[in-house]
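For reference, the structure is listed below as structure tokens.
Lettered A, B, C and D in written order, each chain numbered from 1.
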Amino acid sequence: MKLHEYQSKALLRERGVTVPDGHVAASADEARAAAEKLFAAGSARVAVKAQVHAGGRGKGGGIKLASTADEAAEFAGAMLGSQLVTPQTGTEGVPVNTVYIEGGADIANELYVALTLDRSSRCPVVIASAEGGMDIEEVAETNPDAIIREHCAPGWGLRPFQVTRLAYNLGLSGKAARGAAATILKLANAYRDLDASLAEINPLVITGDDNVIALDAKFDIDDNALYRHADLAELHDPSEEEPLELEAAEHSLSYVALDGTVGCMVNGAGLAMGTMDEISNAGGFPANFLDVGGGASVERVANAFRILMKGERVSAVLINIFGGIVRCDRVAKGVIEALGTVEVNVPVVVRLQGTNAEEGREILRQSDLEFLVAETLREAAEKAVNAASGQAEA
Amino acid sequence: MSIFVDSDSRILVQGITGSEGSFHARQCIEYGSNVVAGVTPGKGGQMFEDTVPVFNTVAEAVTATGADVSLIFVPPPFAADAVMEAADAGVRLAICITEGVPALDMVDVVGYCNARGTRLIGPNCPGVITPGQCKVGIMPGFVHKEGRVGVISRSGTLTYEAVDQLTRVGIGQSTCIGIGGDPVIGTTHRDCLERFAEDEGTDAVVMIGEIGGSGEEEAAAYIADDYPLPVIAFIAGQTAPPGKRMGHAGAIIAGGKGTAAEKMKALTAAGAHVVESPSEIGAKVLEVLGD
Amino acid sequence: MKLHEYQSKALLRERGVTVPDGHVAASADEARAAAEKLFAAGSARVAVKAQVHAGGRGKGGGIKLASTADEAAEFAGAMLGSQLVTPQTGTEGVPVNTVYIEGGADIANELYVALTLDRSSRCPVVIASAEGGMDIEEVAETNPDAIIREHCAPGWGLRPFQVTRLAYNLGLSGKAARGAAATILKLANAYRDLDASLAEINPLVITGDDNVIALDAKFDIDDNALYRHADLAELHDPSEEEPLELEAAEHSLSYVALDGTVGCMVNGAGLAMGTMDEISNAGGFPANFLDVGGGASVERVANAFRILMKGERVSAVLINIFGGIVRCDRVAKGVIEALGTVEVNVPVVVRLQGTNAEEGREILRQSDLEFLVAETLREAAEKAVNAASGQAEA
Amino acid sequence: MSIFVDSDSRILVQGITGSEGSFHARQCIEYGSNVVAGVTPGKGGQMFEDTVPVFNTVAEAVTATGADVSLIFVPPPFAADAVMEAADAGVRLAICITEGVPALDMVDVVGYCNARGTRLIGPNCPGVITPGQCKVGIMPGFVHKEGRVGVISRSGTLTYEAVDQLTRVGIGQSTCIGIGGDPVIGTTHRDCLERFAEDEGTDAVVMIGEIGGSGEEEAAAYIADDYPLPVIAFIAGQTAPPGKRMGHAGAIIAGGKGTAAEKMKALTAAGAHVVESPSEIGAKVLEVLGD
């Protein structure tokens, strides 16, 4: 679950990290009032920052510097309600519902610092570079040696000497080194305590008088850990997410919308990806990823169908179930029952394999509903792709 | 021959009195696995299915029954602790089926298991089966067949699909391991490849990967260094979009890294037989073994 | 640094451990008022408990049960201002300045549980036994198998499964097991967070309705860690300590009062113990342990002398300095200078060894002050013992 | 021959610019020890005594100079972190002189060092000296003499006293180790005995213990099992009262355990030559070696 900049900064501020003063605004008037407060408190300029989960906001026009409160209000008014397109969003962009109005900082030096999970060494890692403000992926491409890492060993976590070492390796010294080390340790503790999968400060600013300020911040929280962070779960802003994905999540279904025409429903994430790949191999395009889970109960299948069919481009559906512990005959009955409750106006290809597959297929063949029944995954994919293109032509 | 588990494995089921645990413990017993003990705190002294003694703690169960493999069905908030308890009690192998364990819990668990010399498989995995000898997991036993091809996979049903293909073309399996779909797992593709290389009963390895992480690339680097067995590989998620989690917590192309294309390229360069379609796994193995 | 029962319980209560209601009283009237409150709140009886650092209070009459507030006041009045003698105090006992008036508990089962440092395995260990209320040393003697241990591994600490295991191994089950496990985990966290060297609940009571209550509690805090626990340092009650030991500690000198007649001042703790042993071997009795430290500066030597001479039975003084990095000639000058500021009316034997020892001895011999100069430790001890017995006879 | 340090040891001093660190670094250099680097965060780039480069981090110092032994003079609040930094940077041996480190800090440090294969000596110790080759500590070098008797001790000046006695009777030392007076230490009497047993340059071991803990009893159990060298032992604190800390944080008879009498009994039973007086150490070694 992604947090907005203003939410992330509030979490950092609670933990003693210095962040600029700032206020959230949902309208141009609120933005003006916020800017006035900041100007009154001595800011020379204020930043108007679109609060969206996507990165690359600066490049997309989602961050503007204003010299007057009116100008801030103007920028905010233009951003709010618009769709912001950045290098990290699709061409449709993402909606801007909130802006953050923030005081400026006296920037002498910009660093990048983040905590993330190093899957390969199976522990969290601090990634830092002296090239603050830049995308770390970009630095990794162009100047990989500029990236400095410190691992958080299981059981031991990040030790003070490591953040000190990191600060010196970033080329800092004196007060700036001590400040950066302390900030990184706080970031690492926040990462751990909040069960984050990403905790990023970019840029981490060293000011002219060697203070250390988090000028941008981003947290991504491990969804699997939200059960123990009720306060964080409340920060969830679903406005940038696919409505269908949200609806699927409410039914504990794993659904991802794609651009193609063949809707698919599969039990198991790996097999679901494999089914998408097979549709592609057959010359078609999957309309979605959908894992209906191991049990594939009537209710789940029905919910899955409902969501699936809301995909605008869906011209055919492929149901691929590998019956393991669950018997295919039961799944077949479930599919028939589920289809009774959902309007399906496109061809449905069903492929059942595994336990009692033949019995399951027979049940489908003998039902009132029209199914295209397939035996192998390849056959199923081909039938579905053909059906979809036939449908599209019709 | 086999790796990880065989007919001598003495299996303990943590969470044996829960609904999932009891169902699958029964299935494992039916398959012929030697389930010697169960653990549920507070249920010590009961008998499961009139034959398997239940204990309050893993240490007690291990002392009383000599269990050396633990199969873990414990809800996510308690799963990490359960694995650590198994490791502390000295089980050789812990297999954690539980899906939805927080990643940072698993960081600790993997470190803890490593420090104590316990191998962890999973979490979020179907477990391990050595066909004809021992099933320690939730996979459907009947699709498997005794034989000489090892199978390693991050997923469940896709593995069953692959195994089913093998069995249908007459190729049996030495051991099949579901290593799990989470970002932090105890045993990697590479770990399993190492073990298969040492197993006299394995002639080839099917390796099923998916998008996300770099486990397949690490396996490829290992294979490239004169790996003694042929490897047939498939990577799921060739059509997956970047930045989206595809069901498994670990299946995500992040920062442009972890794509299927990269993994397939690395494996091909390493000399693995990479198939583009999941339907071709069985046929490719047949072809490779026929060579 | 030892904490009183009421202080320890307050720390546990803050951390969610259930303790009986109780109030501190420094007078019989306060005790009566406290008891009245507890009776009004439903207590059938109240305990009047002397707040001293020594254990074995029950056996020494430091814990009394009262059925009325007047009775509580009477018990408190008798305890307050008295010297409490327990099996763990000397025959003089320790002063009772405070009593703790506490409500009763419905005891079904008493356990012992403590966290301490296992020096041998070099990590903290939980020690527990089902024989609550008994001294753990006694249990260790009479029934060592009844003692259950769980180690807190470095980096990992005490894990939840360990406290669950402990609870079942103590013979508990159900609600009592869960409650005891949770309490022990809180105790272990307190031990760690407070830098304790001992954290003990004895007895840990299981009530008739399976609640878990800490009926007595004791913390001992690592003196070396007090720098990071300013709040705990304020809980220090020096009233039971030797005034001379306190005075020494203020001067960063390590001093322990003993019963003998030969005062000694040594540089280094090991050599100081060895010197005491050598005095004993020579037939005498050391009056104290005193480590003047590595530097042995004039000021430290002077302070050490002042404290040493306050020992009532001191009939001779033995100064034993092994000059290592510090030169003995400088130490000799220091001793002479220090003795100029302190009145010393008993024989002083000085043994200098190591760097420039001969020069040091010469300086002492030529000074106006009377020293008995010795070369070896044995010679020094014999001279000091002789001098002390001569002095005692004189 | 020697244990732990010799003329090849490349020594790094953590806290080299502090008052204690600089004084003793100078003394070590004067003795002839090969001090190759110093570390003080923020002082990187300076030179100590015009000859020893100072670095901001231990990792930098190790990379630049190949230092393999670290001598640590860092105040108690930072000492644990400093030892961990040394271990993480891969030094073989860390010697922590600092007195007053919280015991629970040392629990972590010892675990951390063990996990990384770094030997820790101390804290609260005088360090290690191999006479004639290398002094890594705060002991007065001149009382020592090259030779073939190993010395292990929990204390500082009492060790110098014992060594002085040996030197005066003409007996030199292979290596002398102050293991430290704290309750939690990195290297125990037993650890040192093991190393001396493997050292061809050591003919006998002097072991100086004191009240508190059970390190001497554990050493006795080890000696009892056919220890190849004669051991001459003294235990300080025979006259110490129970329940009182005798200077050293670890020197306390707690719960009736850790008395000198018990330790002397265990060592005598194990075949060690136990002397009752600290004055007899030199004479006893002479006697034993003369046998």
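Heads up, the rule we're going with is that a contact is a pair of C-beta atoms (placed from the backbone, for glycine too) under 8 Å apart; a residue touches a chain by one contact, two chains touch by 3 or more.
Everything numeric here is computed off the predicted structure, so don't read it as measured data.
Counting C-beta pairs in contact across A-B and across A-D shows that the higher total falls to A-B. Mean C-alpha positions place chain A and chain B at a centre distance of 28 Å. Averaged Cα coordinates give chain B a centre that lies 48 Å from the centre of chain D. Separating the CA-averaged centres of chain B and chain C is a span of 55 Å.
Among the residues of chain B, those touching two or more other chains are numbered 108, 112, 115.
Residue positions of chain A with contacts to 2 or more other chains are 154-156. Contacts between chains form some other arrangement here, matching none of path, ring, star or all-to-all.
Working note: touching chain pairs come out as A-B, A-C, A-D, B-C, C-D. Partner chain D is touched in their complex by these residues of chain A: 156, 159-162, 164-165, 168-169, 173-174, 177. Residues 154-156 of chain A are the ones that touch chain C when the two sit in their complex.
Residues 27, 76-77, 100-108, 110-112, 114-115, 138-140, 142-143, 153-161, 164, 181, 183-185, 208, 210-215, 218, 234, 236-241, 243-251, 255-256, 260, 276-279 of chain D are the ones touching chain C in the complex.
Chain C makes touch with chain D in their complex at residues 88, 117, 119-120, 122-124, 136-137, 140, 152-155, 192, 195, 197, 222-225, 227-228, 254, 256, 258, 266-281, 285-286, 289, 291, 294, 322-325, 353-355, 376-378.
Every residue of chain D that touches chain A in the complex is listed here, in rising order: 41-42, 44, 56-60, 78, 81-82, 84-85, 88, 108, 112.
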